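Chain naming follows the written order as A, B, C, D, E, F, G and H, and within any one chain the residues start at number 1.
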Amino acid sequence: MLFQKNDTVLFIGDSISDYERKRPVGEGLRNAWGTSYVACAGALLGSVYPELALRVINMGVSGNQTRDLIARWQTDVMDLHPDWVCMLIGINDVWRQFDQPQMPETHVLPDEYARNYESLIQRTLPHVKGMVLMTPYFMEPNQSDPMRARMDEYGAIIRDLAAKYRLPCIDLQAAWDGLFQHMHPCNIAWDRVHPNQTGCMFIARQLLNGVGFDWNHCAE
Amino acid sequence: MLFQKNDTVLFIGDSISDYERKRPVGEGLRNAWGTSYVACAGALLGSVYPELALRVINMGVSGNQTRDLIARWQTDVMDLHPDWVCMLIGINDVWRQFDQPQMPETHVLPDEYARNYESLIQRTLPHVKGMVLMTPYFMEPNQSDPMRARMDEYGAIIRDLAAKYRLPCIDLQAAWDGLFQHMHPCNIAWDRVHPNQTGCMFIARQLLNGVGFDWNHCAE
Amino acid sequence: MLFQKNDTVLFIGDSISDYERKRPVGEGLRNAWGTSYVACAGALLGSVYPELALRVINMGVSGNQTRDLIARWQTDVMDLHPDWVCMLIGINDVWRQFDQPQMPETHVLPDEYARNYESLIQRTLPHVKGMVLMTPYFMEPNQSDPMRARMDEYGAIIRDLAAKYRLPCIDLQAAWDGLFQHMHPCNIAWDRVHPNQTGCMFIARQLLNGVGFDWNHCAE
Amino acid sequence: MLFQKNDTVLFIGDSISDYERKRPVGEGLRNAWGTSYVACAGALLGSVYPELALRVINMGVSGNQTRDLIARWQTDVMDLHPDWVCMLIGINDVWRQFDQPQMPETHVLPDEYARNYESLIQRTLPHVKGMVLMTPYFMEPNQSDPMRARMDEYGAIIRDLAAKYRLPCIDLQAAWDGLFQHMHPCNIAWDRVHPNQTGCMFIARQLLNGVGFDWNHCAE
Amino acid sequence: MLFQKNDTVLFIGDSISDYERKRPVGEGLRNAWGTSYVACAGALLGSVYPELALRVINMGVSGNQTRDLIARWQTDVMDLHPDWVCMLIGINDVWRQFDQPQMPETHVLPDEYARNYESLIQRTLPHVKGMVLMTPYFMEPNQSDPMRARMDEYGAIIRDLAAKYRLPCIDLQAAWDGLFQHMHPCNIAWDRVHPNQTGCMFIARQLLNGVGFDWNHCAE
Amino acid sequence: MLFQKNDTVLFIGDSISDYERKRPVGEGLRNAWGTSYVACAGALLGSVYPELALRVINMGVSGNQTRDLIARWQTDVMDLHPDWVCMLIGINDVWRQFDQPQMPETHVLPDEYARNYESLIQRTLPHVKGMVLMTPYFMEPNQSDPMRARMDEYGAIIRDLAAKYRLPCIDLQAAWDGLFQHMHPCNIAWDRVHPNQTGCMFIARQLLNGVGFDWNHCAE
Amino acid sequence: MLFQKNDTVLFIGDSISDYERKRPVGEGLRNAWGTSYVACAGALLGSVYPELALRVINMGVSGNQTRDLIARWQTDVMDLHPDWVCMLIGINDVWRQFDQPQMPETHVLPDEYARNYESLIQRTLPHVKGMVLMTPYFMEPNQSDPMRARMDEYGAIIRDLAAKYRLPCIDLQAAWDGLFQHMHPCNIAWDRVHPNQTGCMFIARQLLNGVGFDWNHCAE
Amino acid sequence: MLFQKNDTVLFIGDSISDYERKRPVGEGLRNAWGTSYVACAGALLGSVYPELALRVINMGVSGNQTRDLIARWQTDVMDLHPDWVCMLIGINDVWRQFDQPQMPETHVLPDEYARNYESLIQRTLPHVKGMVLMTPYFMEPNQSDPMRARMDEYGAIIRDLAAKYRLPCIDLQAAWDGLFQHMHPCNIAWDRVHPNQTGCMFIARQLLNGVGFDWNHCAE
């Protein structure tokens, strides 16, 4: 697995990460991770690889777009000195274009999204062991739905950035498409964005698969 | 307009009607209608046709399926002696098949739905001036989405029943399809079911158009 | 209709507009408009003219008088760059003279009211497509009631200002007088000021009639 | 004064008496009287005539009409063995005719009102030292207002009953008319029904004047 | 009566005045006076002398000692431009000596009390029509109780100051002694300090008697 | 000490014992004893005599009089099979005579008190190892205060009953008199009834002294 | 894996299972499973084996002992017709012996525990595909701690029963012992009983390992 | 006893002292001490030695380590001018090493602990009559438990410092070991740190024994 003994793994993102994590820092005694996929990932890392003593921090903030991450990156990411940064951001960059179309100042268009995202990578990479990128998603299997189509553009940006900087990339949108072969999206999320417990575990599993997590690992 | 002086118009249905209406009866002083499309319809009827002094009662209950209506029909509809009954029911009959597929006892399949619905019509018609039927809907424009496709089956059942009993039928699903020419569904409802204020007003307008409401009416 | 594609329509006023609208700005996802006539107007504009994609903002603040509007006009109106400003203010300018007569510093007398109001018009008109004025009102049909008589003075000031600046003027007081041919005011508001849902819809209808809203409009 | 040493004085009525009095019986340690005119009267009786050790009980219930009093008269009045019963009831008998005209089953018309009221007198008189009647009121000085005119009919019924049974009668409507020579009703009550602290004291004073209370009394 | 048309009468003191009065200023619409003797006095002044349109302000703060009044005198008294200032302060100056004897820094001894109190008089008199002083009290009839004895010292200071500056002085301690001829103090206050409704009315009556209030006054 | 290994010691009484003890039985994990003197006694017994493993149960109920104990004695005392019953009851039997003199049905006069109390002793003694009686008290050092004098009558009844049945009797009134040589009662209780933490410990100490508790005991 | 398509898997137990699961049945939309290991197991089953559409129900109740399970077994287990029953019960049977030693009626001793547990197995086995037993545990690595030693007796009972009835048995106590090679128990649970998120995941993993869950399973 | 008439005794520490003590200073009327061992000690000092009129202040803050005490020592200890300072600190210095091992910046290692603690002694001794030190503890009788072993190191530091500065030292760890001869630690604290009422009393007793408290003292 990518993560090594005593590494700090920081998760940054929006409400998908947040799920009532502790403020100001999503780390510490009792439920500081909230109940999102970050908690699932943290609990799996801690229970399967106890000997690594990994430090998992959740810094997701509900409603965030890439713009918000730029504003709080220094205090919320760099100052915490992570070894690894896992990013899941972009859903709100897209969503606002569709749920409040009259408010264009809240829309982060693809160009800005790519620019924002890349600036965060460049600012971070020199100081960490690595970054893990996740594509934003919309749990709409119909690829011709306008918001799904738009989200796919943003996903492509992430895949390109991951390739350019040789970073692990978790294609969550593709993963959901696979899952929805077996069920309707409303079995995971009424709003097609915020997963239930099964959906959170699903994201965590995609992420861990992408970092070489060995599910049958046995701590000696 | 169908409704006449001093008529009682009762709305029955699920959470789309409920929206925190007053218990046990959704009528009376101050916000007894809740904030759903029923409140919009009631307020429009009262402000545009004040001389009719219509009595509007909201008996929607969140989560209801046709089965639940049967169980409470006597106390919640018949005992209130309405002149008109407006029905919007069926979304939960379908939804449970997709958001909790493992619980088949919560699924109301088309046959049962048709049977339940028709029994309510037969039980009611002899005692009222008329009934107004609304098709259940799913704010998913993609007609090949499984839940949308299923909902269309239920809508067809309503249209058939309306034709059989010569009742006004408001095709809400068709109306939403028209609206979504101009916006994405998430501008109205994140879960594609529960409309925001604009969406509630939209339903109320479809309903009133279907009962001959004259928008330019002037009370002398 | 006066309002055109992508226009921003801002409502400014007192508790009649406020009704728990969102802070600091009454705009955005889910119930940001509160439940006043502004919400009715916004929902009607959005559901009948979806193709215009109008932006509706509610900036009412409970208890406000014209003095308060002056104090917050820059941040709460000008900085939001509206195309249209709809104003309903003055009830509290009058009311305090009658419900707390011992506190003269809270009374806004007619001269000051006219001065305050006109200054707002002059400050705004150069930057907007138009303004819509509504007369303050007291739901007291008896014109010799002292507070009603006083309110009529303030209404006359608004009508004069509307004429002077050639602005649409909605005479709400006159409209209520018409409605109360059919019911007692306490059927709309126990305190003769804050309307129930029917009354809010009634105000919205007066307003929309005054801006050329076509109730039978059909978005292609 | 009518009330004598160790007498029990029970107040019965609607929300004008209730004002959050203690349940099930409005008597006892600390604020059991609520904050209505009953509390004012009780506090004046206790502080000016401490040597009488009067027992004051508040049994008002918000929203009550004469019908409700009949239903609870045995438990809420007779079983408490009062020496004196002070009644203020009828406002809701009238109000519902105007604030919810569509719900005729909630209207208590004059005939029923007189019948209900007289039955309570007949049921009570044989068991008490006396009863004190107060007219229902509407704080509307305009006697041609329909609800005020209606309320005056009910007041006349009370005056007639008081005369017939030779009971003290406090004409609150007339008293308010006098007070409103000096202020607008909204200085006392926004809804023209529920008085503020000054208005509660005003009612208490009318009542006490009617039972021979000596304001300059000095307990030896 | 001392108070004249349009006078502002300000009450200043401790918890005996406070009783949840409104912040920052105990004046205005609906229950701003709290429920203490100030509310009783305000309601009596307003209902018996409506033609005077007196302005009554309650600025009591729970727990206050004379030291606290000095600190907030400018903002809480002088800046409000009262015509009359009614003071009831000193109970906490004494009480702390007995309920927390180990904390001498919270004790205001007689010398300081006299000095503090007189400085407030001198600071105020040039700017007002008059002041009304009330003696602090302890509802303990036993004059040899140490706290009662101490309180009597403070009462004497007030009587002396009232004489020196020729101000009306209400001897509340003496009044309570009279009342307790007829009942035990615990019928008024469990802690012998904070009166129930009857006790609040009793204080209000003493105060009004001291300013020439005519209980049989009739507004023409 | 009277109490022996594995004995159950039950405390019964009024609010002095209650202090938010757990319902329905004041025993069990975490703070089931509330915070009264019972908790002090239980904690002292448990920490000084751990080897006895005593079972301490608090069954006090706020506001109780001897009448109430009779009504709940079977379920709240006998059914719990105590080895020892410690009783502190009577304060409310007396207090109601003074704080609500108008309500004689709430007064438990000396004869009834003695009768009630003795019946409880007779009903209990055959089933327990012993009972411990505490005199009711009023923290008023002035023995000529009417309520103190009355309380002394009730204390004498307890002392007589204790002598008659040869039960340990803790004279709390006498103990308070001793304590108040050193401080004013308001340092312990504002209402002269409900002790603060120091006062609760004081009662517990009196009680334990009366049952032979050895403060210097050392568990081997 | 043991569980097959459309199987219902019911979890029964105490607070370790409960963690605020939904009442009366821990199944359905949104967080009905609470946040215990049951939620972890349910989410892993749903996300890794979506094609099985397993139905997972959580019926844990905080504080339960085997006695409580017997009382509610019919309604809470049998009536729900599970295919599989997973049991984790016994911690409270033991714990009460140590945290409230004075209350022997709350102690379930080994004999009764074995009897209770076996009766549940016999009652259930004829109606289900299988049962999965988990040993109760105490996160105390020191095997000579009295409560740990006692818990080991109970664990042995479970292992024996599992052998006798040929049921899968998850030895949680042994699993914790392994984990605590890498950390102190207080890193998982302050009270050595209720695990944090990492601990819940750890239990879920032991359980799933015991039923043949394939962590690398891929739904086609 | 060490403490003398009018002395101020200040308790400083972590959550063991805090238990919801009043902010900002744990002193004053009604429950300002919270419910920890400090309250027990204060109540015993006040009720057994009333003539000393000791002043007891609780300045414990939950979660504190020695680092935190250094930061707030001036305002929270020195500025309050105590005569005696009783310290119980160190549990969190150790605990964090075991319950969040991944966060080394929260661990206070033995060297720092000794340094921090000694600096507080040196800073304080010149200004007080004396200090009383208590060893930190872990209610784990097994001395080979890693956290217990670690805690013993910290206890030794305290004993050494007490010897060096000739201060009374209360060895709480040893005392608990004695108590747990008679019961399991979970009878006192589920988390082996925060004692129930019996445990708080136990600590208070150890402390008082260490300062020469005479349990049989009688105030003349």
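Observations, loosely collected:
Keep this in mind: a contact is a pair of C-beta atoms (placed from the backbone, for glycine too) under 8 Å apart; a residue touches a chain by one contact, two chains touch by 3 or more.
Please read all numbers here as calculations on a predicted model, not as lab measurements.
Note on interfaces B-G and B-C: more C-beta pairs are in contact across B-C. Counted by residue number, the contact pairs of A-G are over half the same as those of B-C, the matching pair from B-C, G-H or C-D. Centre to centre, using the average C-alpha position, chain A and chain H are separated by 45 Å. Each chain gets one centre point, the mean of its Cα atoms, and the points for chain C and chain H are 64 Å apart. Within chain C, contacts with two or more other chains are made by residues 53, 99-101, 183. Every pair of chains in contact is given here: A-B, A-C, A-G, A-H, B-C, B-D, B-G, C-D, C-E, D-E, D-F, E-F, E-H, F-G, F-H, G-H. Chain E contributes residues 99-103 to its touches with chain H in the complex. Residues 95, 98-101, 141-142, 144-147, 183-184, 186-187, 190-191, 193 of chain C are the ones that touch chain D when the two sit in their complex.
Across the complex, chain A is touched by residues 6, 8, 27-29, 53-55 of chain C.
Contacts from chain H toward chain F in the complex involve residues 30-31, 33, 35, 39-40, 42-44, 46-48, 50-51, 53, 178-179, 181-183, 196-202, 205, 215-216, 219.
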